[in-house]
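What follows is chain A paired twice: with chain B in the first complex and chain C in the second.
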Partner chain A sequence: MTESKSLLKIENLTTIFSGFKALNDVSLELFQGQALGLVGPNGSGKTTLVNTVCGLYKPAHGHITLEGLNITGKRPHDIARAGINRTFQIPKPFRDLSVYENVAVSSIHSKNRTSIPEILRKVNLADCANYPIEKLTASQQKRLDLARALALDPKVIFVDELAAGLTPTELTEVAEMLANFRQNGIALIVVEHLMGFLEQVVDSVFVLSAGKGIFSGSLRDALSDEEVKRVFLGGAHDA
Partner chain B sequence: MPKLDDLDLTLETGSKGKKLISPAIAALVPIVAFAVGVHLYSNELLLTYMAIYIALAQGINIIYGFTGYLPFGYFGFFGVGAYASGLVMLDYNVPPVLAVIIGGVAGALVGAILLPLFRLRGAYFAIGTLAASEAIYTIISNPSLQSITNGPYGLNLAGFYSSGTAYGTAIALAALSILATSFVRSSKFGLTLKAIRDDSYSASMAGVNVPRQRFYAWLIAAAIAGMAGSVFGWSTSVFYPQAVFDPALSVLAIVFALFGGVGTIWGPTIGTVVLYAIYNAIGVSNPQYFQLIYGMVIVLLVLFAPRGLAGFWNYITTKITTVRAKND
Partner chain C sequence: MLFEYAVIGGILLGIFYALLAVGLNVVYGAQKIINLAHGDIIMLGGYGAWELYNTYHISPILSTIIVIPITVLFGYLLNRLIAPRLVKASDPEMLSLILFFGLSEVIQALASLVFGSAERSLPVSSIPTSRLVLFGQGYPATWWVSALVIIPLLAIFVIFLYRTSIGLQVRAVISDSVEAAVAGINSKRVSGIYFGIGFALAACAGVWGVFIFGGVSPTEGAAITITAFAIIVFGSLGNTLGTIAAGIIFGIFYQLAQVYIPSWSNLVPYALVIATMLIRPQGLFGRRQRIA
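Moving on to the complex of A and B:
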């Protein structure tokens, strides 16, 4: 696993909704094969950060670069094709398409087409290729989100609350899957509330509170940081 | 059920035989039916209108059935097509069949101009298209434009009328619209449109250029309506602006498409044939009860077959398959 090459660089990112700063001057850097946990209490701006980097929201200030290429404010499909993708907190499969067709939509828009069966095997959905979406469990739907992301040959994947609602066996399976992605050079930003799962998956964490980055470092250090403890265990939201 | 790796091969190369045969049959059936039908039922104009409505319902099918955008103002393209083709026939003596193609191009051009409407969604989009089409109607029927469009007095194409050719062109248009739907349904383009219909943001994260793909579908639908309006104007010979810019055209096309089942190849065609036949039968036999009976048919459709005849058919066949599987 290599962690030398800088992939994603977010500098002074600010996103404003009707005067409210949902993201306030956030900066972070992600390297090839790195897994970064993105944590923070509800409303801290985690999903806003994902949505802004992935092009759903336009940032008011700041820059986002992927391998030096400026992708700030680009349209979602340009960002996806450039190599940044995501999963969704509540999975968003194309409900009228089969599992295979869901992945095919991404695959036919990919610059470097990977075999769809290969992708389905990577996320343990090979046996469900012909299934309609309603036959999939919540865990399988989340893995389908991952499969669609993989079909675009991503460099970075935002994994949004993948672990929520999964059984311990499924959690282990997902953790192994994410480790495999990293070994193939994909960097991950894992948005997660389950600290046990994060510990298995990430090298470091970035903590958000009220739209601001308040900590960057190892999960162990984060858990002993006074400000992080105050944000998670209660107290004034003045960060 | 195909094996996983065979599925991949199908996407890569396409089972071209199947891809060609199925649309060919779907297009040939109405051609044969209309060709035979005119010998069994002498009202050729009614059959011409039925073919025109098949095309309109298929146009609605492409834009609504595959992208989820419902254009109440779809009649605007119909009117633009009727006027564009009529004017080039009258002013430049263009042959009618070529004028029909020009009508389709005019419909597509207006579609391109109205593209900003896609900033709207749901009911706002539907109403936006309605307002745009009413605006076009107001411009074309304006007395101050009489020197160009003949204003409120419409166009007289009687000099170009040729019943057999107009009828043949209407059938060809119906077949073409079915072929267009078949192409959309069986292609990667169609797969992409269905993804957009399900969730446009998810589709964009799948690398889909959503505005561009939706634009293509919109252009195809607009061109079909433009050609349909052209054939209507030509086969009607004399028409007024309110006849070709009639919101009822949109309503009927939408109802026909929904009745048959949107997102399918056969649905809008069967829906048009059944409902247009009922529409005319009631209109002739019991005109006093026309709206009551027709309204009841639509209410029953919404209550018992919300996904149209095609959805109902799928429901029945799935039930039969399930029962058979249980018995085995």
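Moving on to the complex of A and C:
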């Protein structure tokens, strides 16, 4: 696994909602095959960062580049086609489409299409291809979200609170899947509260508090960092 | 014999009513709004057929095809004009109702100016005229010819929606336009095209409405919109196949009422909406929504 090639570069990103800075001058860099944990208390700006990079929110300032290509403020479908995809904390499959169709529709604009059964196999949903969405368990819906993200042949996937509600066995299963994605060169930004799961899947973490990046480094160092401890344990968070 | 006549006639007319309603359902799917000008688009389709026949002697069968690209383009451009405003509005449903009510009034006024307020009709000789005889009962040429034209049209539409790549994208956008955008789909463009297709289906229904309603006039739009609305509520809002089935069932009900209780038959659309709301609010083919 190489971690030398820079994929995603976020520089001085600021997102403002009605005068409130939900993201304040955030900068980070992600490399090919890297898994970065994005952590912070509720309201710290994690989802705002994901939504801004994915084009759902327009940034007030800053730059986002993917492999040197400026994608700042581009439309969500252009960003997805460029190679940034995501999952949702609460999976949002297309409810009137079958499992197969959910993945197929996500692969239409992929530059390098993989067969749908192959994608479903990677997330252990091969046997559910013709299922309607209602028939899937919560864990299967989360894996379908991953399959849909994979279908666009992504370079970067934002994985938003995948672990919530999963059993230990399911957690191990998705951790292995994420490791496989990384081996194929996909970089991950994992938004997560479950530290045990983060420890399994990421190399380093980026900590947000009140919209600002306050720490970047290994999870072990983060846990001993005074400011991180104050934010998580000291009740000083004000966003 | 009267019952068989009503049922067979109802199916033939019901195919027309399916087309009449499906366009409204499509526009709802594309933008999650009720197009109050739906009946007026149907009326414009009728005037289009009337003009094409009277000026160029073009058969209504051919007119059905001619109106499609024109109305797709009109619907697409209208969608691109209004959709960004609806997205930014604090109350998009109310704004859309006001916008389409206004559009309905404008279309009515323009139709009155251009075509006059008198009803216009097409001669039955503009289409094949032989009556259809089934089980000893004759059915007007306009009923079976319209059904013969509309069935392939609806079949093409269903194939487009369920068997093509763009149809798959349309169904994804209908399900969740934000999620579709994250999946790489240009939701705005796909919505716009689908919106235009809704207008085209309405205009095609308008061509045959000239025969089924006995003519076309500038003020007919509101009543047609109500009928179409009743059918899509009955079939389940947003469900295309449900709307088509509901259109046919509506045709049968309407024809049965015409045969047995003719003076009450115009109440059928209203009775259908009220009965659906009371007995099965999600519509005949809809799934019950879980409120979390």
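The working rule: the second predicted complex is superposed on the first by the 235 of 239 C-alpha atoms of A that agree within 3 Å, B and C clash if a C-alpha of one lies under 4 Å from a C-alpha of the other, contacts with A are read in each partner's own complex, and residues count from 1 in each chain.
Heads up, the rule we're going with is that a residue touches a chain if its C-beta (ideal position, glycine included) is under 8 Å from a C-beta of that chain, and two chains touch if they have at least 3 such contacts.
Every value quoted in this text rests on a predicted model; they were computed, and no experiment measured them.
Q: Overlaying the two complexes on chain A, which is it for chain B and chain C: clash or fit?
A: clash
Q: In the overlay, answer first, second, both or neither for which of chain B and chain C A:126 touches.
A: Once the two structures are laid over each other on A, A:126 reaches chain B alone.
Q: Between chain B and chain C, which makes contact with more of the residues in chain A?
A: B
Q: May I ask you to decide whether A:219 touches chain B, chain C, both, or neither, giving the answer as first, second, both or neither?
A: Neither partner.
Q: With the two structures laid over each other on chain A, which partner does A:115 touch: chain B (first), chain C (second), both, or neither?
A: first
Q: Let me test your reading of the model: by the given contact rule, A:54 touches which partner, first (chain B), second (chain C), both or neither?
A: After superposition on chain A, A:54 lies in contact with both partners, chain B and chain C.
Q: Looking at the overlay, what does A:85 touch: chain B (first), chain C (second), both, or neither?
A: Both partners.
Q: Share the list of chain A residues that count as touching for chain B in one structure and for chain C in the other.
A: 54-56, 75-77, 80-81, 85-86, 88, 92, 94-97, 101, 104-106, 108-110, 148, 151-152
Q: Write out the stretch or stretches of chain A touching chain B in their complex.
A: So the residues of chain A in touch with chain B come to 54-56, 75-77, 80-81, 85-86, 88, 92-97, 100-102, 104-110, 115-117, 120, 126, 129-130, 148-149, 151-152.
Q: Which stretch or stretches of chain C touch chain A in the complex?
A: 165, 168-169, 171-172, 174-176, 178-187
Q: Show which residues of chain A lie in contact with chain C when the two form their complex.
A: For this pair, the touching residues of chain A are 54-56, 75-77, 80-81, 85-86, 88, 92, 94-97, 101, 104-106, 108-110, 148, 151-152.
Q: Given the complex with chain A, which residues does chain B contribute to the contact?
A: So the residues of chain B touching chain A come out as 1-2, 4-5, 7-8, 11, 188, 191-192, 194-195, 197-199, 201-210, 263.
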